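Some structures to go through are shown next.
Shared between the two complexes below is chain A, which pairs with chain B and chain C, respectively.
Moving on to the complex of A and B:
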């Protein structure tokens, strides 16, 4: 049976939203998950959506893939309205979520992928060829006949990526695709995404991620979402320029009394974030200038904590994020002073 | 990217979704054993009760046929109606939803796969029970009984699709509904005795479940002397009408509830 290819106009945005909003109502409360989102993603772009937990990233993705209706505003994907044209749109999109557990445990990898290919009408022969090609590229060819219940989480995530790519969507939505993957598996996923985009300049990827380095490395542009709103968007380079004039210092301290709020209160400290790694508290500070550093060290000394390392470094996307959002991606919404 | 016709996608979805059900026959042999063993044990209990009461011998036939049909009803409740609840929990429902296929095709595939596997189980229960208890059937009614059986299956699985549509929207509540339906329906549909014994009103109400009339018609055809609730022809006609009625209701419910589920966020597993 012959298929029909939709016309593609290179000038048309791959994704466009206007004042998009979503409110969840329950008997007990009302949650504004998204409000006033205006975005325009060009065809062929790899567009990142960054934000802390609960920022509204996944809600945005679910609206764009037609799983959820917006409560206000409009959105189009590949020129089709996500509310009115959702049936036609579903031919053109795909979604892969991190930690995905979908499917049937008794099926083998190839069978599982074949099953999902049939939901798009692919011929079995074409589907099997495409599945084998993608499994090979992602280093999964040898586990193709293993039941999915016996796969590691990394293998399973790669299999989900094969599922997402095999139907050749115009726009693919990757919702934290490398979450909880080891370094090697995450690299394989990123490489495959790049290669897949390289095969056709009109293919578009919308990526949400918790990993700033991943967004910096992969994305052409990113939007930073916080509390349901886009607070900044642009190329990673442009966002990093927002902290170009700041002095960025990484401070390592031995564990001790909470210090983050005290550091944030120092005049000239633009933003501060903290994380604990291998028993050491690591603080990233954005300082207005070098003159602020002695005040920081005085505060640390006053807290009785010992400095084990101090490095001045170049700005990263994470620094820009911390400056814009006020906290790092790793901090929970309510935690004022984790370290 | 190639866009295929809705009919092609529908048919391919049916085959694909039936596949895991059918393949489970070979890959889940232990389940197969339990699915056959428990209905036989249940039937055995009823047989012993009837023997203790010195009931007519044909009652043993009622029990064995009811035990075989029980496999279908349990399958409809727990492998059809509740399947979307499982699918939502592990994210599969999201993937079905965003694909260009339809829920009707997914459910029909589920039904076809279930019918194949459950027919094998029910067949084993029927043969084993009949040999074990020495039951004989009227061979003259066999062909007609097979026809009624196929019609009953179609109606029963269309009802299963209707129930599954409820699970698209409701989750735990629908689970309770399935639990609540199991035992009462087992009783009022006359799995272990002729449904006529319940009186016209209860049996008439129980006829909403296609198994009630289908089973009664098959018993009348295969076990002469079965007390007649209503004649076989009328029972068959009612079951035949239930097929399109439940199919259409399932389609309408699926469309309505999908829209509501998208509106209320019931299709997504997380929404941060």
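Moving on to the complex of A and C:
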């Protein structure tokens, strides 16, 4: 359990899981969505859960917010058991999911938020103040009196964030809060999350994301989840150190025959990922040392493809991810099982 | 404790307001006219016409005609209450994507759903009044607003509403497991229609069903409504029972339904969390 501090310090962990697992059974098949998850998140931490599609991120969040029962193991949020103490726990948490266009379309933004605050037992006046303040900060003050149906999906997503933050939960769970947002809106969301945490140093955020850079910049600590298991966790810095020894090379090629598997087969290539941008194939390679590079270039030439660019660069969280998982976040899982 | 009750009450009213704002027929004139006026009136008229044709409109048949019309009129409570409950679950999940958030709110999900369904009481009451007016003027029922026993009527209807909500909660598992938002409420309401003595006395049901129906509060409620409105001039399902005895049975049956609703809710809530129903998307 490198990277986690013992929970004997004055404050209890905000989130703790022990051998947490979840299996989905249906008539047709059995999906192991999570298994053996051991996590400990400190109060005041902004903790990221990073993983490809189908990794089990949403399942983890659903269990922690008491929407879903685990099928094995245990979990505590703010010291409360998510299975036994679920009613008490609901007073102390909230959840926001990105990319779902939630909201009662006929209501006005302020009206819906206020109605919601009342389901949380907030005093009406305090709720109105808080809502105005948060709308203002997220740049939604002008649309506060518009009906929700008239909002863009990005505005709706920000409104959902206001709903999550306004009740001042001890722990807030954000499931891909910036998915499908434009750059500016995503930045507003990230800034607001940071600022909200700053208001009280014991507030905790658990956030899932697809975006490496977001995790790297925003999160104090990150867990990388793949096919239901935590395969690494630590600060983004510590995770990047996993690839410190490696030589990281970005290679640009003109389009041609598929090459990824051939590159991965070369001895000394720790991991390789590819993506296409503007008709150019970009490969990222993790090499054991500089001596591997000539072998790579020989393979590329052998395949008849032309190199248009080659740079050596600093490791990113993405590189650590690729090394650990064996593929990039955006690449389909080709091994068949799981997602 | 006291504060919790105050907060719970506020939350309930907010849910009423929400139901009112987003799905009350009352606020949407077209839907209101179709669902709360035209539908109950046509239901009542179809039954009335069939019945008067069969009985050649004889004077002896009048008490039973009154039975039919009052039963059908008050049926709106069940129709709208159960449907709105179903809508509260299925539309909030499938259409508004809000169910998981309202479900997780500390207010408590049943209180929220009951609040939303309560928003239909006004339009349901309006449709009762309209059908009774039609009954009085078009079908010549001897209803006189000045001789109605209002306290008995209101008490019976409040109790019935509690029972309808408890019954809906009992069925919430079926709703949560359901994938689309159409039909469930209607089907449940139709099912209750047969069991509640709305159009025929429950004693006409086959043995075991009659026994089941005698445990349900709905028959006693409709009986009290009929007596409160047309005492002595309406066919009675329980002629051997006094008003007080029918009321006592209503209270007992409502209490039973509430207990049943409570325990089935605990079970279905757990099952919903085990199976992940609360935020199930139709794609699953």
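By definition in this document, the second predicted complex is superposed on the first by the 324 of 339 C-alpha atoms of A that agree within 3 Å, B and C clash if a C-alpha of one lies under 4 Å from a C-alpha of the other, contacts with A are read in each partner's own complex, and residues count from 1 in each chain.
Going forward, a contact is a pair of C-beta atoms (placed from the backbone, for glycine too) under 8 Å apart; a residue touches a chain by one contact, two chains touch by 3 or more.
Fair warning: this is a prediction, and the values are worked out from it, not measured in the lab.
For the composite obtained by superposing both complexes on chain A, the positions of chain B and chain C are in clash. In the superposed model, A:169 lies in contact with chain B only, and not with chain C.
Looking at the shared chain after the overlay, A:120 reaches both chain B and chain C.
Applying the stated contact rule after C-alpha superposition, one finds that A:54 touches chain B and leaves chain C untouched.
By the touch criterion defined above, A:75 reaches neither chain B nor chain C. In the overlay built on the shared chain, the residue A:62 is in contact with chain B and with chain C. In the superposition on chain A, contact of A:90 is made with both chain B and chain C.
In the superposition on chain A, the residues of chain A contacting both chain B and chain C are 24, 62, 65-69, 87, 90-91, 93-95, 97, 100-104, 106-107, 111, 115-116, 118-121, 163.
Within the complex, the chain A residues that touch chain C are 24, 62, 65-69, 87, 90-91, 93-95, 97, 100-107, 111, 115-116, 118-121, 163. Only residues 1, 3-6, 24, 33, 53-59, 62, 65-69, 87, 90-95, 97, 100-104, 106-107, 111, 114-116, 118-122, 147, 163, 167-170 of chain A touch chain B when the two sit together in their complex. For chain C in complex with chain A, the touching residues are 4, 7, 10-11, 14-15, 17-18, 21-22, 96-98, 100-107, 112, 270, 273-274, 276, 278-279.
Note for the complex: chain B touches chain A at residues 1-5, 8-9, 12-13, 15-17, 19-20, 23-24, 27-28, 90-92, 94-101, 106, 259, 262-263, 265, 267-268, 270-272.
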